[in-house]
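In order of appearance the chains are A, B, C and D, and numbering begins at 1 in each one.
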Amino acid sequence: MCGIIGMFSNKNIAKDLYYGLYSIQHRGQESCGLAVADDNENKIKYIREMGLVGDVFKEKQIDYLNGSKGIGHVRYSTAGGSIIENCQPFVGTLRKRNLAVAHNGNLVNAQVLKDMLEEDGYMFQTNSDTEVILYILARYYKGDIVESLKLTMDYIKGAYALVILCDDALVAARDPHGFRPLIMGKRGDEYIFASENCAIDILGGEVIRDVEPGEIIVVKDGSVESFNYSQNYKPVKKSCIFEHVYFARNDATIDGVNAYDFRIRCGEKLAENDEVDIDLVVPVPDSGWPGALGYANAAGMRVSEALVKNRYVGRTFIKPTQEEREIGVKIKLNPLKRLIKDKSIVLVDDSIVRGTTSRQLVKSLREAGAREIHLRITSPPVAYSCFYGIDTPNRANLIASNHTVEEMRDYIGCDTLKFIDINDMLDVAGSHTNFCKACFDGDYAVKIHDIEG
Amino acid sequence: MCGIIGMFSNKNIAKDLYYGLYSIQHRGQESCGLAVADDNENKIKYIREMGLVGDVFKEKQIDYLNGSKGIGHVRYSTAGGSIIENCQPFVGTLRKRNLAVAHNGNLVNAQVLKDMLEEDGYMFQTNSDTEVILYILARYYKGDIVESLKLTMDYIKGAYALVILCDDALVAARDPHGFRPLIMGKRGDEYIFASENCAIDILGGEVIRDVEPGEIIVVKDGSVESFNYSQNYKPVKKSCIFEHVYFARNDATIDGVNAYDFRIRCGEKLAENDEVDIDLVVPVPDSGWPGALGYANAAGMRVSEALVKNRYVGRTFIKPTQEEREIGVKIKLNPLKRLIKDKSIVLVDDSIVRGTTSRQLVKSLREAGAREIHLRITSPPVAYSCFYGIDTPNRANLIASNHTVEEMRDYIGCDTLKFIDINDMLDVAGSHTNFCKACFDGDYAVKIHDIEG
Amino acid sequence: MCGIIGMFSNKNIAKDLYYGLYSIQHRGQESCGLAVADDNENKIKYIREMGLVGDVFKEKQIDYLNGSKGIGHVRYSTAGGSIIENCQPFVGTLRKRNLAVAHNGNLVNAQVLKDMLEEDGYMFQTNSDTEVILYILARYYKGDIVESLKLTMDYIKGAYALVILCDDALVAARDPHGFRPLIMGKRGDEYIFASENCAIDILGGEVIRDVEPGEIIVVKDGSVESFNYSQNYKPVKKSCIFEHVYFARNDATIDGVNAYDFRIRCGEKLAENDEVDIDLVVPVPDSGWPGALGYANAAGMRVSEALVKNRYVGRTFIKPTQEEREIGVKIKLNPLKRLIKDKSIVLVDDSIVRGTTSRQLVKSLREAGAREIHLRITSPPVAYSCFYGIDTPNRANLIASNHTVEEMRDYIGCDTLKFIDINDMLDVAGSHTNFCKACFDGDYAVKIHDIEG
Amino acid sequence: MCGIIGMFSNKNIAKDLYYGLYSIQHRGQESCGLAVADDNENKIKYIREMGLVGDVFKEKQIDYLNGSKGIGHVRYSTAGGSIIENCQPFVGTLRKRNLAVAHNGNLVNAQVLKDMLEEDGYMFQTNSDTEVILYILARYYKGDIVESLKLTMDYIKGAYALVILCDDALVAARDPHGFRPLIMGKRGDEYIFASENCAIDILGGEVIRDVEPGEIIVVKDGSVESFNYSQNYKPVKKSCIFEHVYFARNDATIDGVNAYDFRIRCGEKLAENDEVDIDLVVPVPDSGWPGALGYANAAGMRVSEALVKNRYVGRTFIKPTQEEREIGVKIKLNPLKRLIKDKSIVLVDDSIVRGTTSRQLVKSLREAGAREIHLRITSPPVAYSCFYGIDTPNRANLIASNHTVEEMRDYIGCDTLKFIDINDMLDVAGSHTNFCKACFDGDYAVKIHDIEG
């Protein structure tokens, strides 16, 4: 769970990078960073810190980051602990050249590669995958960034979308399965790459297309070139379906699928064969809204904002004790009693991971007087961990990994529980082969040899 | 625009006050404070600071505020500048007694009273109305808080909901027009007062009723008593309609009206006689949602989340320059192009104050390809300033104060513009007399003699 | 233990006040504040915060405090707890007029006056003496600051040096005993008042004289006037001798006595009749230096910097545990072993309050190999608490209040212990009547009726 | 200008490292860091930040750094800019092993080595010399830290004192000239290494000896071993004389010389042949004190603290403008006028670098009425930059590099100016060959091939 951005221009783009990064803040709230090539000083200047984009970058920081090409990163730790050393972009110098890398995703063979590099005397200053990528890149980089990146991509396995800044170019690349998104856009003569198109939209740019699986795009002064990372290997698209289920913004269009459309239609699909007698449809805010709208449309019902969200509950919230846990739920989502009392409701959410939040919400709605609660989930049960960059917990903590739907229903305490069928979801997505859906069915496109699941 | 809370218990209630205050954070984000009576030390301990509840209060602060009764306040400056000295609650000692006051509202005769007190040699350390209230209260307080509060209420004019903490009691009071809300609740033997019922809900309490206009409620050990502030004066209820239009949370029920119901039905009213040929209904998030849902219900249309909100844009946002202003709008609300392109849409918002945001949104939607934009507002034009505690700008800055609806439409750039009729809105509210609607029609229930409008 | 400054000019003096306050930082490190009269806006602007002058005031703050007259304060809490509400200057408005007060000293009848004012309905928002002064001043202030200050001085008893800022004047006053210092200076047409002359020196001003006990000096545009606070009462000078013993800087000249001269000569006095066979004279840094130099001069010995001070040990120091206490002493003052080993030394300090530091130092010197340690103190035993503004502990904690010199020597562990004779000290000071020496002999010039000793 | 510490124990030593680092804070105030080997987790935990030891490390940080061996660093940037990435210790992992390095000094061939490593594909994430050391060390480290350190020391040239932490050992080493100090101490079974003995003293340890030039000392469980870094190369001691002139604390004894003794005797030497008719000897605080005491002893004069230092002037001081520069000097050092007026004084300082401070001080003393000012410096003129770790400016900015003594006297404005003769200084130090005195005579023991002087 990270977001990346890259921009190539011939005027100062620090503030554009800032706005772009701001727009993908939802992809990572732990740390953020920007690196720009300072054309005058022949160096890469960067700032990376723990915290939100709006807190880390003030006018002083933006003024410092003067340059016409640069990259940015927001991060929520997956691999790599939550410390400042792991903040991105990673920046380095070698052979009088400068290099910076921002990475969204997760390698599955990072440890093997670390071992290999350490055998050759390399030393790691962080425990981030990205340092591995940077070191291999640096090893082979003697001026031709494409050649060295191709070699690097021969080594690294797993999920990665990359933006790379070097002295004369901005490079974007996506792993051969295209697990993680990377969109290419244009604004006049300027090029923008970002994890989601909203970064391109808000900067007034036009989306061109997705970077393709296994593709390397190099932007230099006066040229944009595309390369396949390998002649011998044909990329197999496995775009992450969970981006559409939950992670991406509603305005994201990734690999041909728009997240909002997808969510609406998954809600509709769920309603199509659902024969339950209800009074109102209630979304779990905010991510349950599109599914609830779709469900209600298809069912001919009204959507009611019966769970009122507190917009200020962020991380600076004193943890409630065990006894106060009920307060903890209600302070985030307070049931609007007069809407709920004596009603039979369909509660729509995008997914169930651990099941604890659903259980508490159901309890809260029961206390508010709900007569019947029918929980509908617009994704299949999450039964497998993600090793490609989504921060799902260990399998043991995924309720669906060791419970039947009926057992889940019993634990959560709702009257009925239904998930969308995985095939229905793929029908909505428009393809049964182009998506990675391993978190639902365990079909991992890249073998996980050195990570414990 | 402030929120208050008070709680009376026989066990430590600091953390409950914290959670309660958290739930009404939307009523004021500039500063916050809590004051509790420390039963052992015969004093009132307090912490008040600039910032959000979650940032100001950590476990250390809550541990310090040990006590079984207390009050709290969140503040967005109306009268009184934005400085730490104006943070509430105000706390003082007099005649070996302790007193703390938290105040939501705005006096209209504060300056006159200041002059009077200053003639008597009093001195003001802040420029807050609340210091005036506290000084008059202190002047008459010789042990009987009710008598001194009655006398105080004879002096002060305007809008006020008060919670007062003294050594042996918690007092709640509302001005004779009941401009500002104050709800009374109970949890077992404990009493809770708050600006909105969500604070009572999330603490697991039951709402009892609104504090009545002109009513004083005193909670002591073993007794709860209610007083009319005056034998001679009959209160005239003028509950603020703008709480329902915009300010209160959807789950708020104030003076018999639920905000969410009100908003939904205002949307429905707007749609009832609206004959416009549209493809979809789009809310301006977040406050336009209920109106849009109501409009869509009545019009038999779909609501589409076509403006995607960035949840991280708060105050720590570098101001865009004039040239970047378009980015500034889009970073907050990005139009979902594929939904909007070539569509005729109804855009629903709760109110128009300055008109600038609406204008920018319309521009943004046009650029996203909207064919027609019909702006519908679930409140009448705001044409008069509020002197009773809502932070509306000077009349000169209210677009409706000096423009016709057609002129407004032209400025904003939409195809059509309609506001709900004021009588329709009052029909929805269920009374044409019980509400203050001065911001719409200039009919001020309390004369504004010493404030320049 | 506080420091005050006031300045009257016809150009912006915020930065001068800042530098002046910086120079008297040693008089109080807990909080600081500046208030200036903004001539254009007819108001007093101020900033006051917990922390050091250099941390609280940056260029932004100084820019804000634009004005041609103002006052400042540094504070170490004596009466009044250590909270932001007690930070000075106190500022208020009354009868369209502005008033600010900064106060060094301690009233002995604050509680009585509080009771009186509270009877009249006044309320106190802090527990600072200064609020009492401000309220009485405000009560009588109808435009003539001198009249109201005279009346105020009839009420308040104890120690106070005051600088008062009102719309048209800067006022300086000192209590009828002149317990606390206040120096008057001039720089061209500008007037400066400060607790110590260093503030005047560093601003390039010339010291004129001490404000006299019971004197009120008023500086307005074009005039400087002096008043006696009362026709009937003849002031009796009781200048604090402890300023010279310890508190004031070496460059301070207060009421005719220079602190450095005084300290040197007290050291000499001690040596005069001292017949002890020693190898070297060692000061306890930093305050023991002048006494040690004086002692060494008179004894014909060398002073050796045998205790090496760590200049970085401030408040941000993790408290050593009981076991680590020895480290705690050494980290502050490390004995220079090769100087001390097998030597007989005279250790010179300015005073003994609790005796714990001396005891630890002696232990530390013994461990470093000192053969004999003769402790010499350049003031008499501190046996009584100060109620006039020096932060001495309760009598019970003063080792001299309940131990003979021999008992003290035994506790501290030195070979011999000698204090300067009180009459010798007064001879050095040049007067046996003009000084308050109550901390040494309990002869309090103003009765302490409402403070528990 | 850095300080290092290392400690090997069998119990938790985080707090000891903290106290030790606190005691050498004077060697670097920009950043600090601690790294400890966590025996249970087989990893090195570390914290390094910009700021002072007391500000960076609180109880929470110390609790986190649980471990029985560790190293620490305080830094004032010489090579390597002032950014967080350059904070030490540097920490890395390689071949399942952990390594941390803290370094005091400055390599003269860092760029050459960087080029070499970069040719081999290594990449640098900082611009610190220490990263170079760490990478070479890592390259050769396959379990035997001594072998890899010997190889590393064959590569690196210049000044370095090192403490290295690996999984099973603490290593201390000093370059073959011993430019920078490193002291070895013992406390029971525990070993301590530090830049100055005060760190050992305050922890209650005993100094054993200096680490020798070219020596490597390895402490493991149950063994302490010493190695020469090379069989073929005989170390030539060139201990930095400037440590004794200015940098080290008075209690430091480095390579057989005690700083305080040295400073006193340099003052005496200066006085021996000085025939100037003066009234008093005035030190420039704090570093001029020992020299002034020595001078006064030899001259039979009194030392007077006639420049009063403000102990609070640190970095948080608003820079005076050109016009206010006089204030800037006086706020730091205020002349005690009554001591100085009409007097002929000897002003004693430890060194002259740029000459600007001396010039301002002389001006300030003249204004205070000094009749004659004779400036005496206890070191020779600093005419050459240091490339071995002392932060002297470029030659162009050293006043002695391009002015005669008479020209300097004229610039500074004193009546006479004398420096100690370099041979006299070396006599005091006890050796004419064991010290690096390049800053005085340009005789660099290690050639400076890749640094511009």
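We adopt the following convention: a contact is a pair of C-beta atoms (placed from the backbone, for glycine too) under 8 Å apart; a residue touches a chain by one contact, two chains touch by 3 or more.
Just so it is clear, the structure is predicted and the values come from calculations on it, not from any experiment.
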Numbering shared by both copies at the subunit B-subunit A contact, with half separating same from different: same
Rounded Å distance between subunit A and subunit B, as computed from the means of their C-alpha atoms: 36
Chain centre separation (subunit A, subunit D; CA means) in Å: 49
Geometric centre distance via CA averages, subunit D-subunit B, whole Å: 61
Per-residue multi-chain contacts in subunit B, two or more chains: none
Category of the chain touch graph - line, ring, star, complete, other: ring
Touching pairs - complete list by chain label: A-B, A-D, B-C, C-D
In the complex with subunit A, residue positions of subunit B that touch it: 15, 18-19, 22-23, 25-26, 29, 52-55, 57-59, 62, 198, 201-204, 249-251, 253, 258, 260-261, 286, 289-290, 293, 297, 302-305, 308, 310-314, 316-318, 320, 324, 326-327, 330-331, 334-339
Complex interface listing, subunit D residues touching subunit A: 84, 90-96, 99, 115, 118-119, 121-125, 127, 134-135, 138-141
